[in-house]
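Reviewing the structure listed below.
In this document, chain identifiers A, B, C and D correspond to the written order of the chains, with residue numbering beginning at 1 in each.
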């Protein structure tokens, strides 16, 4: 297949184009329509892999591999990291806030697309040379690219290197936060808390029970209601607090009853058991 | 099959990416859409390279990838630092440049 | 190469402005004296220009020419004809008096901070204006002229907006708002005019290929530069519009009363007596010189506009309640006369218009500066707040009356000569227009005498009872101006000798000759 | 000798400059300096007169050219003087009467703290008036013309603290300016017609021009004369001008300045001779004013205003005579000179009476003053006899000649004009007798003045009496001197002279004149001599009431020009503010509004900008495709 691609197009390639092209378009549409960023990223990765296949089909072997390794492998993973950092489960609101934005976007996009298609259709693209000669001139696709990169485009290549260095330095500068003042000691932090009249002792621990030993479960107040204060703020803000109070109380009651029935113990033991669990 | 179909596909993907930039508010998704547009361009380059029998198109696609990589690095760094200071990755929240 | 006298004449005030601006905050008086000395030095240089200029010689004299922007053929090209000489003389003559009259106008208030240096700024800006105006009278390169024409708006803007009249009704904030309105209005009007002129300048360049006034005029005269009729008319209109705003001609005049009312009296003099003259000067030099056919084509409309300006300005002056606005409307009427004289296309009209520019400058300066002294004493610009000043301050009233009489063109004072020349020149070409313009002299008498009667005569008002008469400094401002008015009223020959040859050139530019009398008198000499 | 002409003007001009700029240190001596310089001018005039008499009749004109005034191509105006017989007559009158009135003013203005300035203004007036009559071209004449207007303005408004005086001064100047339009247009017409406006060439070639042009010039000159000489329809200022000090009324508004119009017409004789239509209008204006002034004079109770009406009427005589052409020019000038004597004398007498009566001007509050002011009474009486044309006195000769000349005009016009002049003579006799009787005869009707002081009539000081006596002498003898010393021959070279063809004999005219004079005196005696004069003016007939209000001219002016003008200027101020300025401000506001809307597009959302980018790209592609398609 790949050897053929260098010289002409085949029915097989057409078959492949229509199947994979459809999938690629669906992937692209999913990328822009999925509410969760992580889903978008996965769809985009799929589209990119299909594009890599197309590169290969078009005789660009080096680019096809690079597409998979660099794009799908590195760049998309970077995206996923950032998505994780920002909040993997957060979904975008579907409500549009700018008046008329969707209509304008649709109109412009449609117009643009139609004009592009018209432009392509209008262009006289009946030339087809194929890459056979070009790829074999230097002994292969990779060698051919290398020859060009290190001769004709060597200057651009070097500058691209400089760009990459600059970009990585820039990314570090942007994400790195320099501490500009001395770190506060425990004592100073305590004093500030007193001064500001905030919660003085450490915050209460989350509700760690025998069955729920997780930090996302709030501790229960003496009357059985859950206390938000016991869960860390990040989880609270993400809305990932699991409220187990009602379930836990019911479970506990059932447990006590069952054990009392099974063991036939009196109320005293039951009370002891209650104290032990506490 | 006429390889021009690849060009139509590239145009379609580019348009979809552009519309995505317009309608999505999450900066990360906007970035992904930009990547999609870049990829569409690359596909066009590669197709042209094949049609003209000339490797220069692939070279340009190669450079595009490198520049895209650099751009993603810096762009995501900016998103992270904006998110750290504003607790939001929405592009609409950064609208202080208006009068 | 000969001594670049013209450049030096303009450069001295420019350098003086920079030096004045650099004087430290504590040395206010030193700054004033420095500025005054610089302006006097400029006056001496202007006198040198006048002396070195030979009326019978070439059209443009004392010329200088250097390449400036080679890619566009822009040159630093200077030269003066008689009209330029007269107006340079006017500018250099008036500036020292303007400074002397505004000696205390820009003193910082007691409460302002120590580092605040308004005085230095005021005098430096005046010198800057002087430099630009003089250079614009000298420029024979259209582009150079355009730049100066626009650039002089900047210092004027700050002079109007930054140093308002301290005599105002209402609160300080209100006055500041009015002032800034006036300054912005001045700037916008003139910028719009300048913008249209810029388009015309570019158009001229595409047609002519260079910016040199002398070269274009010469090429037009000997037929090597053909312009389509439509092109010429559009270019003419572009130039004329800018000059008509500056002049100002009805109905583009409304910025002038605001600007003159809100500015201090010396700055008002600067506007109407000096800066506005650039507009009428440019009509004579650029509109007629570059577009002779279009000028003749537009003449009927312009004559009508000028007549409307004359009558309309005078009638509005009668209806004003504010002394300075009254003088502003009177100036509008007078600018109507100047434009009328220019477009009458007769030697009398154009010589008269040139003399009018000079004389109007001096007479308005005299009237406005005395009005300023009066206003600063009472702290009000309203006519109704005065009465009987003549009794308590006879010298002030007397000088005010002489300024007023000059404004109404009484024979014996300079403006009469020019006004009559304009009227005669207009009448010779357009008798009906001449007759309409003549009504202007009755209306002028009306507004001047009503102003004098209401402010100076009648029972003495309580508020003016303790008003002091003119101080020596103020007398030193007014007396020389009056002396010049009297001298030029009786013996204007030094000026006409310089102006006449230039007008002869302009007349030949437009290809017009004076109408000949119906019954020429053969035995003039015999009869004498 | 020719070079002395400039001295005539220079002396009083110097006086004016020194007195007005000299400051208070000249307060003590200023009036002497002013009088001295006026006298110097008079002495020069006499010397020049003597010189002129020694020459032949045809080369008596003298010229002096100082320098070129306004030289612009064809337009050449010189500062140059021409002293011919006509100018000489005026120069003598101006400097002579002028000097006498300077002397009079020394006494009259004694208690005024601004006497120095008064003399400065008087000197300025004399200089300007001399410039007017000595100029050798119309433009220089215009210079003097406006100069006397200025002096008149300053002197009428001399007591500026009185609003009425300031208003009167302004009114006089403005009405004169309306007349000045005529003079300027006349000069422009001359320039376009002849290419010059010097007397010599213009008058010499007047007959070559078309009659239409000449008529236009003539009518414009008449307009100027109407303004300066208070002729209908520009007469309204003269009555108000009496707000000025009395010597001013005597010098400017009786003897000299107001006669400048007559001078202008007589000077332009050649133009008028060739424009009969203009001449006819001149006579009509003269005739109408003659009666107008006389009627007004009959009704006024203010002694100065009554005399002002009389002045108007007498100048009407002169204008009428000047309109008659060569028949009348000489007599117009002759009447002008005799009028200068007796009217100045009458005004000075009136001033003397007011001086003694606490500045009271209402004749109804005089009465029986002849015993208290004998000298004033006699001099005033002689002036009175002269003006009513009592045989033998100066007015008799000059007025009689004018009436004769009016009849000599010929045809219906001649009869009408003759009748009008005769009627005028009768009315003159009537109102002057009225003045005389109300002031010097009858019962004392004195009233205390505003401060409650009763008047103590007394004779005026010598400095005031001497000029009055001298003028009385002139009033008595002037006419006879002119009649028998050949005044017509003296002026003929300048103005031309023509006896005309009178339809009735000179003797008959004289008899008729005397007869109507007697009738006029008799009527006045019946009304004011036989019956006591009421202190408060009776209501009077409709004509009387109208005449008291200057025949409603002021009301007309007020309604048409003042009220109309005020409305016009107010509405124009409104239009300027709302319409002319409004258009500009409206444009600014709409630009502001538009930009406010455009600003909303700049909402700060990057996605909105991206939409416009994409849209712009689409447009670019479309444009590219279109270009390719085309």
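Note that a residue touches a chain if its C-beta (ideal position, glycine included) is under 8 Å from a C-beta of that chain, and two chains touch if they have at least 3 such contacts.
This is a predicted model, so every value here is computed, not measured.
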(message) Mean of the CA atoms for each chain, then the mean for all of them together: which chain is nearest?
(response) C
(message) With centres defined as the mean C-alpha position, give me the chain A-chain C separation in Å.
(response) 74
(request) Return the distance between the CA-based centres of chain B and chain C, expressed in whole Å. (result) 63
(request) Averaged over CA atoms, how far is the centre of chain C from the centre of chain D? Could you give it in whole Å? (result) 36
(message) Just the number, please: Cα centre separation of chain A and chain B in whole Å.
(response) 17
(message) Multi-chain contacts only, two chains or more: what residues does chain C have there?
(response) none
(request) Could you list which residues of chain B touch at least two other chains? (result) 18, 22-23, 25, 92
(request) Indicate the residues of chain D shared as contacts by at least two other chains. (result) 603, 605, 607, 611, 614
(message) Output every touching chain pair, sorted by label.
(response) A-B, A-D, B-D, C-D
(request) Provide the residue numbers of chain D that touch chain A in the complex, in ascending order. (result) 603, 605, 607-608, 611, 614-615, 617-618, 621-622, 624-625, 628
(request) Sort out for me which residues of chain A touch chain D in the complex. (result) 98, 101, 104-105, 108-109, 111-112, 115-116, 118-119, 122
(message) Quick check: in the complex, which residue numbers of chain D touch chain C?
(response) 20, 63, 65, 67-75, 79-80, 139, 142-143, 145-147, 150, 153, 157, 160-163, 165-167, 169-170, 173-174, 177-178, 180-181, 184-185, 187-189, 191-196, 198, 200-202, 204-205, 208-210, 213, 565, 568-570, 572-573, 576, 580-581, 584, 588
(request) Provide the residue numbers of chain C that touch chain D in the complex, in ascending order. (result) 188-189, 250-251, 253-254, 312, 315-316, 318-320, 347-348, 351-352, 388, 390-391, 398, 405, 410-412, 416-417, 420-421, 423-424, 427-428, 431, 434-435, 438-439, 441-442, 445-446, 449-450, 453, 456-460, 490-493, 496-497, 500, 503-504, 514-524, 527-528
(request) Note which residues of chain A are touching chain B in the complex, please. (result) 5, 9-11, 13-14, 17, 21, 24-25, 28-29, 31-32, 37, 40-41, 44, 47-48, 51, 54-55, 58-60, 62-63, 66-67, 70-71, 74-75, 78-79, 82-83, 85-86, 92-93, 96-98, 101-102, 104-106, 108-109, 112-113, 116-117, 120, 125, 127-135, 141, 144-145, 148-149, 153, 156, 160, 163-164, 166-168, 170-172, 174-175, 177
